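Chain lettering (A, B, C, D and E) follows the sequence in which the chains are written, and residue indices restart at 1 in each chain.
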Amino acid sequence: MTLRVQSLSVERGGQPVIAGLSFEVAPGAALILRGPNGIGKTTVLRTLAGLQPPVSGTIDYPEDTAAYASHADGVKPTLTVTENLTFWAQVYGRAVPGSVYAAFDLDALRGREAGTLSAGQKRRLGLARLGVIGRAVLFLDEPTVSLDRFSVQMFATFLRDTHLAAGGIAVIATHIDLGLDAPELDLTPFRALATDRGGSDEAFL
Amino acid sequence: MTLRVQSLSVERGGQPVIAGLSFEVAPGAALILRGPNGIGKTTVLRTLAGLQPPVSGTIDYPEDTAAYASHADGVKPTLTVTENLTFWAQVYGRAVPGSVYAAFDLDALRGREAGTLSAGQKRRLGLARLGVIGRAVLFLDEPTVSLDRFSVQMFATFLRDTHLAAGGIAVIATHIDLGLDAPELDLTPFRALATDRGGSDEAFL
Amino acid sequence: MSIWEYANPKKFMATTAPVLPWLFALAALAMGVGLVWGFFLTPDDFRQGSTVKIIYLHVPSALMAINAWFMMLVASLIWLVRRHHVSALAARAAAPVGMVMTLIALFTGAVWGQPMWGTWWAWDPRLTSFLILLLFYLGYIALWEAIEDPDTAADLTSVLCIVGSVFAVLSRYAVNFWNQGLHQGASLSLDKEENVADVFYIPLLVCIAAFVLLFIALVIQRTHTEIRLRRIRALEGRAQHAGRVEA
Amino acid sequence: MKALLIRDLRLGLRAGGGFGLGLAFFLIVVVLVPFGVGPEAAVLTRIAPGILWVAALLAALLSLDRIFALDFEDGSLALLATSPLPLEAAAVVKALAHWITTGLPLTLAAPGLGFLLNLAPDAYFYLLASLALGTPALSIIGTFGAALTVGLRRGGLLLSLLVLPLYIPTLIFGAEAVRRGADGLATATPMVMLAGITAGAFALLPFASAAALRVNLR
Amino acid sequence: MKALLIRDLRLGLRAGGGFGLGLAFFLIVVVLVPFGVGPEAAVLTRIAPGILWVAALLAALLSLDRIFALDFEDGSLALLATSPLPLEAAAVVKALAHWITTGLPLTLAAPGLGFLLNLAPDAYFYLLASLALGTPALSIIGTFGAALTVGLRRGGLLLSLLVLPLYIPTLIFGAEAVRRGADGLATATPMVMLAGITAGAFALLPFASAAALRVNLR
């Protein structure tokens, strides 16, 4: 089970953003997407996750093995931490492994309504979802936003020792150093030129 | 014009969060608030900004000199970058200094609708507001979220060379290293004990 | 010591708890006496026949419905000015009671209107303004229910209660202007001429007294409940907080 | 699917979830109309069926924007779209949850409110029946509208604009059924039509809704 | 203040801003009613004033949640609260903007829609006048309601529940004025009352709104 991306081009708002992107991630490996703000990391990840169609190129990984975590982490403010996790577990037809609470330092907050969490606590809950749904291919968009150093380490450990160790795959867009020994891919060279083909506006150019 | 905080206690959701916090920031100086997720940085900043009343203690800075920047940065998606900035400038009865666009690398995006900006670009716009309203005392809550390294430097430079240099004050809650040579204040020792007095629930205990 | 000391939840609980059973007992007694007297020991009205006896439920509930809102208004003001939790919670506790009183007034009225006016409901100003009062109760309660943080809820509902009172009065005039009713005017007043005959009048007073007592008892009881709920919430919060402190 | 339904109902019951609000709104609109048109019983009886149905329709309408918007804003929708649960199923569940929190209580309460507009005695049964048959259609059609407008922030008003025209047939047959019932005429045709609309909507619209959602998530 | 007003109007005109939507909704409700009530001209003429006013009221109502909610969600409100602009002023401006984008177009269009319900010829003037006097009150009262519910996500339905009772006096006097106008009776009293309500609301409610906002921003 490998993630293969070949000469992928993606668009945003009718404009080509990234062109000719190719990479491959083996089971148990992670890939870190780098690049300045606005280069197209989010767009690429959304395309990989199947939320938007690629302009051209192929994305290849087994059906129903991927999960996506975005800037917004789908936490319901009026549900408790536990209720939030249980819901996602059920949607993916699984049970909540007791270990996640410890893994994301949510033990003390189990019964708390998510709306009353601090920014970082909320984020941790959003990430804990990944430990619950048991998907092998993760597309993570700036997962560590507003996490403190300790929590960042905690998350990196989760990825390394739990997810990747079990043969999972992760593609992560981030600006900070996660302390994962994973290859980094800078998107800057793949920035689409204004003259690049593709993008729904093309037909009018 | 100095910011003086004496034995400040703040609450959140009826519970005391931080107790006995005192500090002083001189003109031209900055203070960096540190502490793990959920310690109470946001709560303290909101209290300093006057959005919520302190449980006890005094906060003292000249009237109408402060501005607050939160997790949400009040950017209107359907207004262009320029329109967004102009609005805030007018609310504070000032004009938009032409320099801010360069200072926050927004030149290329002036005419773009804010809703179409990437996470980091949006954040830069939110921060540019601070360069426009011309307030001397800034309370910044994780200002650099989802900014790339370059933009973080850019923002630090703005604070140092433009804001502080002009005798401004800044209190910043952040988890990363801004590269400002400013004193750091870790809130952990000030965490309120469960048994601490204060908080609107107190009457019921 | 000032009376405000009783606004401390614990003190309030302590002082009112022993009184409560007596209040209920008294209310029950007065209710029994008033209703039995009113229903069985008074003659039928020459026009209305025995239907007149519904007045013993109808009028007291009607008066309480209005007074309950008034009490809420006062409590809200106290909360906004002096921020005593008890007054806020008392207002919250009174709302459902007041709403039920309104419903009773409307229902008994409807039951009364059937034989009297030949219809269950007529858009008579009196009735209409009570319907409006019902709407205000609904909104007030809904707002309490909708807001998580109890203090925020207390503040907002208080503001609503004050603004609402003004508009409620305004509506009363509007409604009067809009339709002149078949409902009879105030039948209880101090100078004797206007009053219904004593035979009806005295038991009616007993019933009213009973409703007042019942209302007070219920409100205190519910206030206790609200205070306890708040206390549970506070303790849970503290427990979690303690949990955080260890973490 | 069950998980989603349970979650949505739970959210509906939580603070600010808006369960029963539709009901209250229904009540208020019914109360407002006489203030507008005046208190004469005869007039009210005449327009009661229509007003009751319009009110029910508006109550359903006002709660539509909750269906997807919240999930869209906090990102749940994108996550659901990438989850094993097909979006069509999600659309059905959402509609169901909406009906349970709005249409159902509204139907049960309607007869009680009928007498405020002194509805003709014979009409009560038909009011109940027509609402029971018709309100599910309102929920499903509304879900489709909500799916179309989910991208737009606070699209509430636009949503109503899109949905109201789609509601017209339901409204016509529903009100007609009650009016005929009140006048003691045959009500078979409108009732059958109502049932037909509901069945058809249930069978087809979820696919349209799911498609709309996919587009809005792009 | 001017800056805020201009911004709000501009936002209203931008995509999804909802300018004119209130108008369209007004139109649709007016169109719906005949479907519900049936086509008899006599009946319609009789209920036209009331229906028109109720429809106007609902149109105003549906656009209320836009007043503060967007600014609250994206943080603008907190920033405004910490800005030199007093929240009372903000509340007034918001109400003003709401009226310009909803009440005003609605007032101007109302006579046109009178035809659909064949409103009595003499009533048109009074319809226009009463709406012109009354709709500002709707906007200010509504702003207060919006301020109360701004903290709640999608509080739309609760908002209507709170606001509608407050609208009752305005509605009564407004519709009454038109009805009397239609019957050629004296309309001075209701008109004066309408003006009074508007003036009073403008004078007092902004303070209540600002207070509510402060609480919700805590």
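One rule holds for everything that comes next: a residue touches a chain if its C-beta (ideal position, glycine included) is under 8 Å from a C-beta of that chain, and two chains touch if they have at least 3 such contacts.
These numbers come from a predicted model, not from an experiment.
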{"item": "Labels of chains that are neighbours to chain A and to chain E", "value": "B, C, D"}
{"item": "Chain pair, most C-beta pairs within the contact cut-off", "value": "D-E"}
{"item": "Per Cα centroids, the chain farthest from chain A", "value": "C"}
{"item": "Centre-to-centre distance between chain E and chain D (centres being mean Cα positions), rounded to whole Å", "value": "24"}
{"item": "Separation of mean Cα positions, chain E and chain C [Å, integer]", "value": "32"}
{"item": "Where chain B and chain D are represented by their mean Cα positions, the distance between them in whole Å", "value": "45"}
{"item": "Approximate Å spacing (C-alpha centroids) for the pair chain A, chain D", "value": "37"}
{"item": "Contacts with 2+ other chains: residues of chain A", "value": "71, 77-78, 116"}
{"item": "Of all residues in chain E, the ones touching two or more other chains", "value": "16, 73, 152-153, 155, 158, 161, 164-165, 168, 172, 218"}
{"item": "Of all residues in chain C, the ones touching two or more other chains", "value": "132, 135, 138-139, 142, 146-148, 178, 244"}
{"item": "Interchain pairs in contact, sorted by label", "value": "A-B, A-C, A-D, B-C, B-E, C-D, C-E, D-E"}
{"item": "Chain B residues within the chain C interface of the complex", "value": "13-16, 38, 191-194, 200-205"}
{"item": "Touching residues on chain C, where the partner in the complex is chain D", "value": "119-123, 128, 131-132, 135, 138-139, 142, 145-148, 178-179"}
{"item": "Interfacial residue positions of chain E with respect to chain B in the complex", "value": "2-4, 7, 10-11, 14-17, 71, 73-85, 217-218"}
{"item": "Sites on chain E touched by chain C in the complex", "value": "144, 148-149, 151-152, 155, 158, 161-162, 164-166, 168-169, 172-173, 176, 189-190, 193, 197, 205, 208, 211-212, 215-216, 218"}
{"item": "Residue numbers on chain C that touch chain B, as the complex places them", "value": "8-9, 85, 149-151, 227, 230-231, 233-235, 237-239, 241-242, 244-245"}
